[in-house]
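Notes follow once the structure below has been shown.
Read from first to last, the chains carry the letters A, B, C, D, E and F; within each, the first residue is number 1.
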Amino acid sequence: MHLLLINPNISASVSALIESEARRSAAPGTTIEVLTAPFGVAYIETRFEALAGAWAAAQLAAEHHGRADAVIVAAFGDPGLDALREVLPCPVTGLTEAALASACLLGQRFAIVAISARIRAWYRETVAHYGLSSRLANIRALDEPLADIGRVQQDQASRLLDLATRCVEEDGADVIVLAGAPLAGLARSIADRLPVPVVDGVSSAVRHAQLLVAMQPKRALRGSFAAPPIKANQGLPEAIRVLLGSPPEP
Amino acid sequence: MHLLLINPNISASVSALIESEARRSAAPGTTIEVLTAPFGVAYIETRFEALAGAWAAAQLAAEHHGRADAVIVAAFGDPGLDALREVLPCPVTGLTEAALASACLLGQRFAIVAISARIRAWYRETVAHYGLSSRLANIRALDEPLADIGRVQQDQASRLLDLATRCVEEDGADVIVLAGAPLAGLARSIADRLPVPVVDGVSSAVRHAQLLVAMQPKRALRGSFAAPPIKANQGLPEAIRVLLGSPPEP
Amino acid sequence: MHLLLINPNISASVSALIESEARRSAAPGTTIEVLTAPFGVAYIETRFEALAGAWAAAQLAAEHHGRADAVIVAAFGDPGLDALREVLPCPVTGLTEAALASACLLGQRFAIVAISARIRAWYRETVAHYGLSSRLANIRALDEPLADIGRVQQDQASRLLDLATRCVEEDGADVIVLAGAPLAGLARSIADRLPVPVVDGVSSAVRHAQLLVAMQPKRALRGSFAAPPIKANQGLPEAIRVLLGSPPEP
Amino acid sequence: MHLLLINPNISASVSALIESEARRSAAPGTTIEVLTAPFGVAYIETRFEALAGAWAAAQLAAEHHGRADAVIVAAFGDPGLDALREVLPCPVTGLTEAALASACLLGQRFAIVAISARIRAWYRETVAHYGLSSRLANIRALDEPLADIGRVQQDQASRLLDLATRCVEEDGADVIVLAGAPLAGLARSIADRLPVPVVDGVSSAVRHAQLLVAMQPKRALRGSFAAPPIKANQGLPEAIRVLLGSPPEP
Amino acid sequence: MHLLLINPNISASVSALIESEARRSAAPGTTIEVLTAPFGVAYIETRFEALAGAWAAAQLAAEHHGRADAVIVAAFGDPGLDALREVLPCPVTGLTEAALASACLLGQRFAIVAISARIRAWYRETVAHYGLSSRLANIRALDEPLADIGRVQQDQASRLLDLATRCVEEDGADVIVLAGAPLAGLARSIADRLPVPVVDGVSSAVRHAQLLVAMQPKRALRGSFAAPPIKANQGLPEAIRVLLGSPPEP
Amino acid sequence: MHLLLINPNISASVSALIESEARRSAAPGTTIEVLTAPFGVAYIETRFEALAGAWAAAQLAAEHHGRADAVIVAAFGDPGLDALREVLPCPVTGLTEAALASACLLGQRFAIVAISARIRAWYRETVAHYGLSSRLANIRALDEPLADIGRVQQDQASRLLDLATRCVEEDGADVIVLAGAPLAGLARSIADRLPVPVVDGVSSAVRHAQLLVAMQPKRALRGSFAAPPIKANQGLPEAIRVLLGSPPEP
């Protein structure tokens, strides 16, 4: 099984974290490929940045999905996930969707620990989009500028642990979700210091992608995830044109 | 006052409808400019098409907002609206947001009449995103392929009127929202044949944009609509780089 | 265009504040008329007071709407608004409804700053009635008796500013709504000291009333805002009898 | 125990139905007094009519509550109930509130059968106000003009029974609520022909009023049902002035 | 009238509290019988303990309901209540359901004061199951191990009072619900020291049971509270077999 | 990896279906063990039957979990799942929870196809308990008595397929969930005849159980899924006593 993880951000250091955790999480025989967005920002905190990341992810997915059994949008907030689910012939998931699916099987209410205060609004809206607001205990976040997005785990481990503890003690969380690709893998190292299960986005996404591939779900022919009706288009990247079912542009 | 309307689709015929209705709705002294997406699809029915349209709208907004007092995303579903609200220095609104704001001041429950069955899922999610699901009576839609998106009003007027009537009689709608830029202006011509107020997206957006400009709202410095924190980026269109506060790429 | 603003309270000093802000907000050529309730209380904080105000507003509207292009219920909480929308032939709006419509076009989550702790329950229920609870970040309020309802802006400006700031910093509000006719106009003077857009009820209502008049919405003949079915009545003020479609009482 | 039932409508024939069912439902030793609104309409179907009824009920309650152990607002939709709960020293309830409280102890989802199509919007909003929308299976209603509001039970019994049956078979209702004072007592006569429990508003309100009196609940001194803060007022009926804690007007 | 109260826990001391408060609350002529679970735990704080209590309650109800006019599940959280409502021929209620029904007639928002921090999740889910989350102001709880469940009222009275006060002052509760059979009767003794009405589970359940008996509701033949369809079963306690409509097992 | 599936019903024929589908779904090297409830009913349609099944499942889980890496409650509706999650040291899931988790990764709105009309209320409440009501398109069900619960797939295949098709065409479902252990495996055989992905409860539960085992989640020490506080108990089955942390009963 070949899994394609798309980092919708430009940070190669985060892609390395993603790849490392994905390899640790994947079942034997699964191959992991991580692509980094050729354009965009260092990490997504806002709706605009998510839009840029979604479009970058869409292009990468269009170009490279052919060799993948499943595609993972490897940023918390899942930029572009719903859109890609309409057009890709294989299963696709994202870090948030998969992490919440895991969290919901480990407890009734989950809390999210995030890397920046600004990012909370986008995460709150993502949880609401998935219809899971009633199961969200809280979103707590670091509130200082990040010196190096690739080193936030090391630099901020104790503060992240403290935030997670407060989610349990003060917010009644049954499960902690460590949010954001820059935290990929942190769950392994702090699990022992938390009193509740902790969920990692990348490993959840890898495992759920594998689960979806094993299910061999039929591609939707009806409903809102069937391929978009074919219609006139122009100016789109060639791979996206093909995804939309168009003949090559003259 | 100069209003910039961005059609996130490639259809010049729809842009013409938008422009025509916008001019009829605008207050004296307001100038109207409609831009058509240089890339994308003929009209948006799905999440993927909305993503393409959002990115096209973002680029056009980035390039051209300088001369505008307000920007309007001129497709129902408001692709990219929340994202643009973060980065543009002027007010920005969209057809759905504005139409619902109008509808909510004319009745308790509104229904949406749409041009394709497929489009309903995207509209339903848009209404949910605005927190207004409890005020949505129903979404009814045409269910045949559209021969010519620029002529759907003429071709389908009686069927649209029938759908609207059923929303009132069967779904308990107090107000009808005619959804989609291709229906721009239809509300004027069928208002007399409907027993409840009918709301048009383009004219609502023009009027709400004018209202927002008149309010002179301060640009957010905090909260989730402040400008995104400045961070490393690469590969973005120059105008978007500038919106994100970056110095020119070397 | 002639706008009729009805202060459902007996405070002439508040009517003066309403009138002043309404004039500042109205488009050129719009005339403003403010009526003060002949019976009721100094300001509405509770459901019972709102009921008295609603009935006073209904009587004033019944008597005076004939010369108005639109009617505004000029108290936060919108006492009687839904009821008047059923019976008046012209558009009608209220301070809360209009302020929230504005706020929702400036951000995702708004907070309300109010003049008394007691008033919060009524406001919370008003927001819930409009289906917007999911967009309400918090309601914060002064918690001391008000010496002079007509001078609360001057007397309490710094405390109100502090409450608004906490709504942004602690509650994640994207927009602040200054609630209550006694605060009419305050938004103008403190906007510069707040980091997010601030919305004023009176100016919002004036602008939305103008917008509704410009839309020329058809009066509902069906749905829940059509005129009440004609039926036997007795003992009602003459103007209300007429609104209800009754012949003069013998 | 003395119960004061206030018919917020002017129909003496409906008051007679209310009184009859109230007497049948009351515990031995309970005395029943029914007052009919001196002004208002024949029966309430709309928000405006509810406002008139609420104000009439408020005046009657203010004048006559002194001899009552509890007060009942005897119209479905409970016009003025929340307001009266703030100002009356004794327990107060209403037909809808009490009927829903009974229904919720007999099943998970209830349906409402009503006497007019128009009335459904007001009932839906009433249920929503009580936070019980998730337990509402449907509201079905007669859809013809009522020849005589005092004889709707007799004239329409079979159609009401048919509506109730459809609520069970098609909407999944566990319990039927017969809504509206004009249907007072009908539940007794059709209970045998329905396959689920049926709830009557008047008898529910009488029983819940008795229950509340037995509880001897303390009058709220804090929270949103404490008496409104004393403040200037003018022009109010004397009994209402007293309820608001004011000294007699000079 | 004979009321059967089932303590789903094994604590005879709590049964004594239940019985005492039930007798004080019951109408003259009502006889009270309290049964204590023959198996289970001392008091229910968790979902697993609630399951054990529900099964114990089911067995007791099956064996003893024959002599009862109504059955009360006498633990907050109402273990097994919905299940018993399906199979018992008489009305059945529980402490939470009845307390919330009372609370909702005394105010808009209630708060729950509970005897252990752990118990809050189960209570929150119970309130949600009844669809009343929007009326729940907060759940506050003691957070120390309980030395003697039968003496928690005496041992913790002042702390419980303090929690209740904070629910009013900080959470905006209109009504306080004292939760848990171990607190049966406490409401009487602290009512004077609280500024809002206070509701007791046992007395509410007794009164609501009496109300339901007086209603003489028809047993459901359709809907989700009709008796379960008869089908093969095995190994069940004889009394439960009979409840399920089975002939005696050979 | 050893998975323990507990059929909370007494039907060996359904256990055989469960075992067959579980073996087909499990990863290589996973061993499958299916236990059948020693007491209870043939299949669960109601809350009371679910309670009996939950208690039977609890006992089996208590006795046999020691050799399992994860436990699956193998009935739709997940009787006892939340309770078992508190007390078992290994991961535990259920057919509904797992099927919905899968469905939510394949589309936005799912529909459930069920084997009896009566069962729908219980399923609706189960979906609500998981907070997923907003993603539920509909629940459609067979409405005839089932001749043989072990043969419902064969006997009713075409009717089930028809129900599923209507969920897509009329209810807008993106995904179909075939509900109930008696339908275990049907998804494989009808997937080709449905236009959207179809989810099977048993295979979903097996795959999610494997996923959870792979995650190696820490057992909760805090929050609402930590082991219940140790307290006095009596009369419980020995294995359950041990689960509750009690020393052997003398």
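The criterion applied here is as follows: contacts are C-beta pairs under 8 Å (C-beta built on N, C-alpha and C of every residue); 3 or more make two chains touch, one makes a residue touch a chain.
Worth saying up front: this structure is predicted, and the values here are computed from it rather than measured.
Can you name the chains that touch subunit E as well as subunit F?
Both subunit E and subunit F are touched by A, D, going by the contact rule given at the top.
Counting one step per pair of touching chains, how far is subunit F from subunit B at the shortest?
The least step count works out to 1.
Interface check for copies subunit D and subunit E. Shared numbers divided by all numbers used: above half gives same, below half gives different; which is it?
same
Counting only Cα atoms for the centres, state how far subunit C is from subunit E in Å.
44
Would you mind pulling out the distance in Å between where the CA atoms of subunit C average out and where those of subunit D do?
28
Any chance you could list the residues of subunit D touching two or more other chains?
82, 85, 108-109, 120-121, 125, 128, 133-134, 172, 174, 223-224, 226
For the protein chains shown, what form does their contact graph take: line, ring, star, complete or other?
Graph shape, chains as nodes and touching pairs as edges: none of the named types, so other.
Write out all the pairs of touching chains, ordered by chain label.
All touching pairs, sorted by chain label, are A-B, A-C, A-E, A-F, B-C, B-D, B-F, C-D, C-E, D-E, D-F, E-F.
Which residues, counting only subunit F, touch subunit D once they are in their complex?
My answer: residues 120-121, 125, 128, 133.
Quick check: in the complex, which residue numbers of subunit C touch subunit A?
108-109, 134, 172, 174
Can you tell me which positions in subunit B touch subunit C when the two form their complex?
25, 27, 82, 85, 91, 93, 97-98, 101-102, 104-109, 130-135, 168-169, 172-175, 191-192, 194-199, 203-204, 207-208, 210-212, 214-215, 217-226
Quick check: in the complex, which residue numbers of subunit C touch subunit D?
Residues of subunit C touching subunit D: 10-11, 37-43, 45-52, 54-55, 58, 80, 82-87, 116, 118, 120-122, 125, 128-129, 145, 223-224, 226, 228-229, 231-236, 240, 243-244.
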